[in-house]
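What follows is a set of structures to go through.
Here come two complexes built around chain A, the first alongside chain B, the second alongside chain C.
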Partner chain A sequence: MTQAPEKFVGGGVPRKEDPALVTGRANWTDNIKLPGMLHAVFMRSPYAHAKITSIDVSAAKEQPGVVAVFTGEDLLDEYEKHPRENPAAVTGYDVSLHDRTQGHSVTGETDGADGQDSDEPRSFVSWIVHDELKIPHHDPLAHDEVNFAGEPVAVVVASDRYKAQDAIEFIEVDYEPMDVVTDLEEAMTEGSPLAHEGFGTNEAYTWDLATGDIDEAFSKADVTVKGHYLQPRLIPNAIETRGVVANPDPVNGGFTVYTSTQVPHITKAVLSSYLGVPEQKLRLVAPDVGGGFGSKLNVYAEEVIALVLARRMGVPIKWIEDRSENYLATIHGRGQVQDIEVAADSEGKILGMKVNLLADMGAYLHLNTAGIPLLGAFMYPGVYTFPAYSFECIGVYTNKTPTDAYRGAGRPEAAYAVERIMDALAAETGLDPAEVRRRNFYEPFDEPTDTPAGIQYDSGNYQLTLDRVLELADYEGLREEQRRRRESGDPVQLGIGFSTYTEICGLAPSQVLSALGAGGAGWEMAKVQMLASGNVEVITGTTPHGQGHVTSWSQIAADVLGVTPDDVEVLHGDTAIAPYGRDTYGSRSLPVGGVAVHLAAQKVVEKAKKIAAHMLEAAEDDIEFEGGTFSVTGSPDQNVTMTDVAGAAYMANNLPEGMQPVLSEEYFFDPPNFTFPFGAHICVTEVDTETGFVKIRDYFGVDDCGPIINPTIVDGQLHGGIAQGVAQALYEEAVYDEEGNLTTGSMVDYLIPGAPELPNYTLERTVTPSTSNEMGVKGVGEAGTIGAPPAVINSVVDALSPYGITHVDMPASPWKVWQAIQDAQGQEAGTRDADRSGRPAQAVDSTDTEGGSTS
Partner chain B sequence: MRRIQMTVDGNAHVAEVEPRLLLLHHLRENLGIGGVHPGCNTTSCGACTVHIDGESVKSCTILAVQADGHEITTVRGITENGVWHPMQQAFHEAHGLQCGYCTPGMIMASISLLKENPDATEQEIREGLEGNLCRCTGYENIVKAVQLVQQHEDEMAQHAAS
Partner chain C sequence: MIPLAFDYEVAESVDHAIELLGQHGDEAKLLAGGHSLLPIMKLRLAAPTVLVDLGRLGDLNYVRDEGDHLAIGAMTRHCDMERDSTLGEHCGLIAYTASLVGDPQVRHRGTIGGSISHGDAASDLPSALLALDANFVVKGSGGERTVAAGDFFEDYLQTTLTPDEVLTEIQVPKLNGAGWSYKKFNRRAQDWAVVGVAAVVERSNGSIGSARIGLTNMGSTPLRATAAENALSGADPSSVAEATSSADEGTSPSSDIAASDEYRRHLARVLSRRAVEEALTR
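Up next, the complex of A and B:
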């Protein structure tokens, strides 16, 4: 190892992850080949809602290469004959699921011998947001009813994937189609088709929160503004699809499951519970994982089935998701209808805010489906302080792919609604959008501060980021250019859009998780061990899939231990190496897991210091540690290096009385509070009023995520986050037809932006340390995705405001923008309908636009 | 089954394949080249991009039998004697990758792009990489990586001329 006088935290240390990735030598799940391995392919329902009246797999079983075919019915005893491992102990939920089941598809048979009541719904749900939450029974393979198109109904196991896929064609399934509900607002009307008829309603739950006197706020308001906003459903689209390999271990009677996941530890707990495989017999490995964005923060039917098949057939089973399956069977994100109303005085100061949501659950509850809107509930007040707030969310079942966490998970929705309504408030009060925001900011604060939503923000200085982004963007110059373009009737109008956001990160204090119905276990673990050579292993419970933890955790440990990042190896993603861990999501890895690394390394130094004192025959209080060397205060020549101490600790032949050998320390960090990164973004768009085409000319962001470990990685996270936010604002939407078919079911139909569609990003940072952890770090993984959508839409609406246009829903496609202009100018509806697919035939006459028109 | 032969990363391979087998799957499953990544199997994402006789092709777009007699280069074949190709180095230096799953395809497409248009402008680079999707980086650092290689080659050319 190297004595390292310099510090590495804060420097752009090149990523240690890259060599394997740029040379094509990473270990993806689909690269795993095991002797005797068979391949599983799923048959999926073409119907969004139907009874399964019969399934005949006999012909499929006769196909070449086919080893077995199973229906849902065939596998029922796999879940029922094995006593379920104590789910409360595994997942932390202290509430019985028993009373909640009112769904349609409860299995009829009981197996009293195992002490289980088969009325209890099997489900992947882990966030019980409400005592009255209705939980649909969710078997991995549907056997009596399907509730969304793409739900698996049978599985073929064959010697290769092509043959398994061929055999699918020979399975005969008879369906009896049922009425389908896809639209959220329709789902809540009387007489709507029901996604789960047994519930008698599509309402999964209602959750509310209120502080202050909201009625008083609205009664004394000088101005009120209202918004009705749609959050399109989004498809996460990790470029590596999901995949799993389940391998039986005949020696210990257990299993190793390799799966492309963000959450190997949670997956282990859920699979163990679901299938009755004792935890200690199950090893979960997340190999290299090609992106997640929340979509791999889950446990899926295919993972359960792979393990079931490995147990039943005694051979390794592999399943790799197709892209079309990824669109149908991996969770979607967003999907909300938002109503927001703000009361303010004549100076633009907010008095109160009301938010009502309909949140699309899709057909089933996955791990966090029901809880995603709650992550937003606390964030609608954003960076603004005011006395009264009320929030209500209704979770709604539809016959569509289940929703769950997609990058940002609840917070982009909140940031969008509040930042859109702030622009509406600016328009109503005649204030500049920057000024109306500034008037409602908190004063800068560096200790926990109460918010209208009843939580405490850790620290904030919103003025600083706003001031800086105004300078960075040359705001005055932009307004001047905008005025010139408006006056000259330029067909390409300039839009300037703001977003001053904050987000809730660092998931999560265990007690808060418990209070919200999400069980608990929000901590993260790190183990730092000095080997006999003086080199270092860091074991982390976080599971990176692009975020660069190997590099960043090396920097953190190196600085504390006085070594270089190259002396440090970071081990992760394998429950045999890191038995404890709570994985990677919710911008938690650094502010919880990275902090745990820091604290564990400090424990190593504390112990090393005792050994050094012993070796130097000095008092411990007289020992200084700097740059990898322990020395006696005032006598720098009397010193030992960390390498010396690590060797001595390992040899253990001259340790202080009673001290255990080796330098190996663990830390379990349970944060006292969340972290709240924030920032100010300005998006500059050029909107072609003749074609409706929106071009992002510039994107400015000043973000504050506390102290930075690696600026290169932080910038990368912001780039990618903003890109996904822009994608939501301008391009992406999962669209269903009335029968519940996903009509954007491929990468051709669902517009993931490519390089030409996205801008460069001009970024700066401020540093306001968090009070929630010793390092002051806040997390940055989701910031861009949260900040960007309102900045983009505010910019588009700003460009179009001379037309009297006050809103354009996401995604602001050329057609939607063009149509908004047509509507504003009082064009006949027929004009729109005639030209939806092609270029607009009728351009706006720019001379008509001066002074705007009404919508 | 059809008998085919092709050179992959400098090694000759002969195989009996089904006519319907995609080149992507032949490279991965029969030849064990895990650095060619499936992303969509429908020519949309570009993760599986390789070079066939020096031109970039999405290996899920063609059948293995169509590559019969041709020379294939994958990301595994562009490193020479352990020294990375300048494009690999540039992706590392410019932080042009995060999860790294699109990266081999992106690198192969970028090499091909500069071969066809060494002086590509930023806009031409962006348009040239349109067929390769990345979900992590927002593309800015990928574009910068390609520009780094352009700068590097300019410097090499100047060095050679002086």
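Up next, the complex of A and C:
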């Protein structure tokens, strides 16, 4: 162990994880090979909505290498009747824990939607957002009805994956196709096909929130602006697809389940509940996990079935998802229709905001499906303060892959709508987009501050990030270039788009969740243990899947303990090592889990200080701790190192009276509030008005996530986050045809941008410490994804504004941009402002060519 | 994403490949890079029972100066054409177009012969070869024949190759000072072209002497923009925009999630104008 005089937090410590990852030596789930292991492959429905009239697996069972084939009916006895009974099986948001622990239905549905006859629908849902929430029955293998294309209907178990895949072709399923609903707005019209006919409606729930007097705000407004925006459905696309290995342990009668997940602790609880395996008989391991972006914040049918098969067949079972399955069977994100309306005075000061959402649930409720859009409910007011706010969200069932958390989860949707409407407000009032934002900012604050959505922001200084990004981008220079291009009729027009965003991170304070009517268990656990050698093990309940916790947590522990990061090992992702944990999602790891590491390490130092005082025969108050050394105040020569103390604590032959041996301390941190990172972004686009092609020329961002632990990791999170935001704005969209087939079912059709499509980022930081934790940290995992989409679209619309174009939906493909220009040019001059925002007409000569014009 | 079972044979020579094709008939497919074939096999959209791998035929990997034309071996990889100095000097259009195919991984495995034989109208090289008036040398059990690029592509993924024939060489005339351009329009660098336009323009006393334009993804095969070529013949460079406004004449582009028929036609016109204008600067 090294006594470390220097500090490591804030320094660019190289990621400990990278050498193995970049040389292909990581331990992915698919690398796990166990003796006697069999391989499962699922047969999936080609129909989005159909009755299953018969399944014949007899021919498949005869295929070479096939050991067993099961249908949904075959496995019905394996599931518990009330799978959601374990309170730990919730992700922290469940409003009806009480109801569920009473073991009766929380839906009020007792007559068995979709034909099931149990009292309570069996489902993966854990976030029950409303007492009236309609929960479709959702068994891991469909048996009487399929509700989305890709839903599993049978499973083949064979000696290898190839043989299992080949045998699938010998299963004969008879389907009776039913009417399909895919479009959200159509789903809410009278007479629409129903995703679940038993409900009599496609509405899953309606949830609302209101503060202030919204009617008064609109009645006294000088201006009002409206927006109608579409949030495309997105496919998370973690680079490692899902996969699971379930291994029976004949000695203790339990199971070890290796699964590519963000949430081993939650998965353990859900599997325990779902299958009646006692919690103490289940060990969950998340090996090295290649990304999740929220898609692995879930528990899936295939994980349940793998454990069922291991239990039933008594051998290890492996299932690895292929990319085509990943597109169909792993949750999707976003998928909303947003209506937003803002009332303001003539100076551009907001008086009130109304938000109405339709949110696509897909065919079933996964863990958090119903709640994701509601994370946005608290975020629509953004960085702007005003007196009245109303929000309503209708969850809508469709015959499509279920939705759930995808990086940002509800907050990118909110940031997009509010930042788009701020540009509309700028246009309506004639103010510069930067100025209209500034007029509505909170004054800088370093105490918790009330928001229009009824929560409290921790700290903020929005002016600072905006001022700095304007300088960084040379805003005046950009506007000058834009003017020149417009005047010269350049076919390539320049766009400048803003986004000043905030977000909710650090999920989640149990008490605040409760006050919001949303369950609890938002804490996180850390244990810091000094070994006899003086080296350190940190056990964390967070579960990294690319974030670099091993590096960051090492830095945090090293600084508190006075050692180097190399002296610290971080253990995670295994419920046998970390029995308690609430896992990784919602930018919670640092502001909850990292803070727990910091506080546990402080407890170690407190105890070590007592031992050092005993060893030095001094009073504890006279002991100073600096750079890994305890010394007596005023007598620096009288000292012992942390190594000495760790050794003494371990040997336990010279400890203060009554003190327990070893230095090992746990901390369960339950934060008093969320954290609210923020930032200001400017996206500069060049729009080819002849082809519609949008090129991002530059991207400037000034972000504030509080003090940072590792700048390289923070930059990486922002680069990747902005890339995913750009992807949503310009490239990605899950497209379904009318029969409910996913037409963008591969990486050829679902466009994930790569390095050639993305700009260089010019990023800076400001530091406004959070008031929600002792370290002041806020989290950064989702910031870029939340900030970027409106900056990009605002930029595209800004470039096209001389045509009178006031909106282009995401993804702003070249075709869509070109079509918008065609439509605008097809209109008579002077009527181009005829849209909902009421944006003033640009002075455009109607005979001008498509190469832009003077404004 | 797991293909049906298939047998794998390594061709030791072109004649051996022809012999293997003769044995297996149309159950066999040639593997010449595999970046189109293997993905569709994994999706089980194609299920050949035998793959005949041409990957060891190093003697089909060459670019030779044959005096009036260049000869390119069918197994020459895109990355090799991209950097080949002979191509760079005498036929920059091929070197440049090869540099736009797929991504670096694809260019290090994919071959010119594989790309042409697959006959995909959305591939870049076929339309460039059409604009160059290239010839293809084809060998089969009945002997060797030479097919003009303009006669080679018959329909969607269909060429004049018979099941036992192997494309062995591509012959392209030297440009001899003619200007060239390839304009590829796609969403992402790695994608197939939504529309692509290859142009070869010869100058004559300040006017356009002749222009040949090849269109990518404007129909079931790569196409020539004959009407625009005629309009450009002998035209003044200032009239390029007008002359290329007929670039989509005679095409039948598809409508899909990337583009409508109408938008593809528009792109063909814009890109043809830009390609000819750029060719005139080279």
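The rule we apply is simple: the second predicted complex is superposed on the first by the 782 of 855 C-alpha atoms of A that agree within 3 Å, B and C clash if a C-alpha of one lies under 4 Å from a C-alpha of the other, contacts with A are read in each partner's own complex, and residues count from 1 in each chain.
Convention: contacts are C-beta pairs under 8 Å (C-beta built on N, C-alpha and C of every residue); 3 or more make two chains touch, one makes a residue touch a chain.
Fair warning: this is a prediction, and the values are worked out from it, not measured in the lab.
With both structures placed on the common chain, the touch criterion links A:Lys7 to neither chain B nor chain C.
Which of chain B and chain C touches more residues of chain A is settled by the count: it is B.
In the superposition on chain A, contact is made by A:Arg25 with chain B only, not with chain C. When the two structures are aligned on the shared chain, A:His228 is found in touch with neither chain B nor chain C. Of the two partner chains placed by the overlay, chain B and chain C both lie in contact with A:Pro756. Residue contacts after overlaying the shared chain place A:Arg323 against chain B and chain C alike. Contacts of A:Arg479 after superposition: neither chain B nor chain C is touched. Shared-chain residue A:Tyr162: touches chain B and chain C both. Residues 162, 322-323, 746, 748, 754, 756 of chain A are contacted both by chain B in one complex and by chain C in the other. Those residues of chain A that touch chain B in the complex are listed here as 14-15, 17-28, 30-31, 33, 160, 162, 237-241, 288-291, 293, 320, 322-323, 545-548, 712-713, 715-716, 719-724, 746-748, 752, 754-756, 758, 760-761, 784.
Residue ranges on chain B touching chain A, taken from their complex, read 18, 20-21, 25, 28-29, 32-42, 44-45, 47, 74-76, 79, 84, 88, 91-93, 95, 97-104, 107, 123, 125-127, 129-143. By the touch criterion given at the top, residues 1-2, 4-5, 43, 103, 185, 187-191, 194, 257-260, 263, 266-267, 270-271 of chain C touch chain A in their complex.
The residues of chain A lying in touch with chain C in their complex are 161-162, 165-166, 322-324, 690-691, 693, 731, 735, 743-744, 746, 748-749, 751, 753-754, 756-757, 813-815, 818-819.
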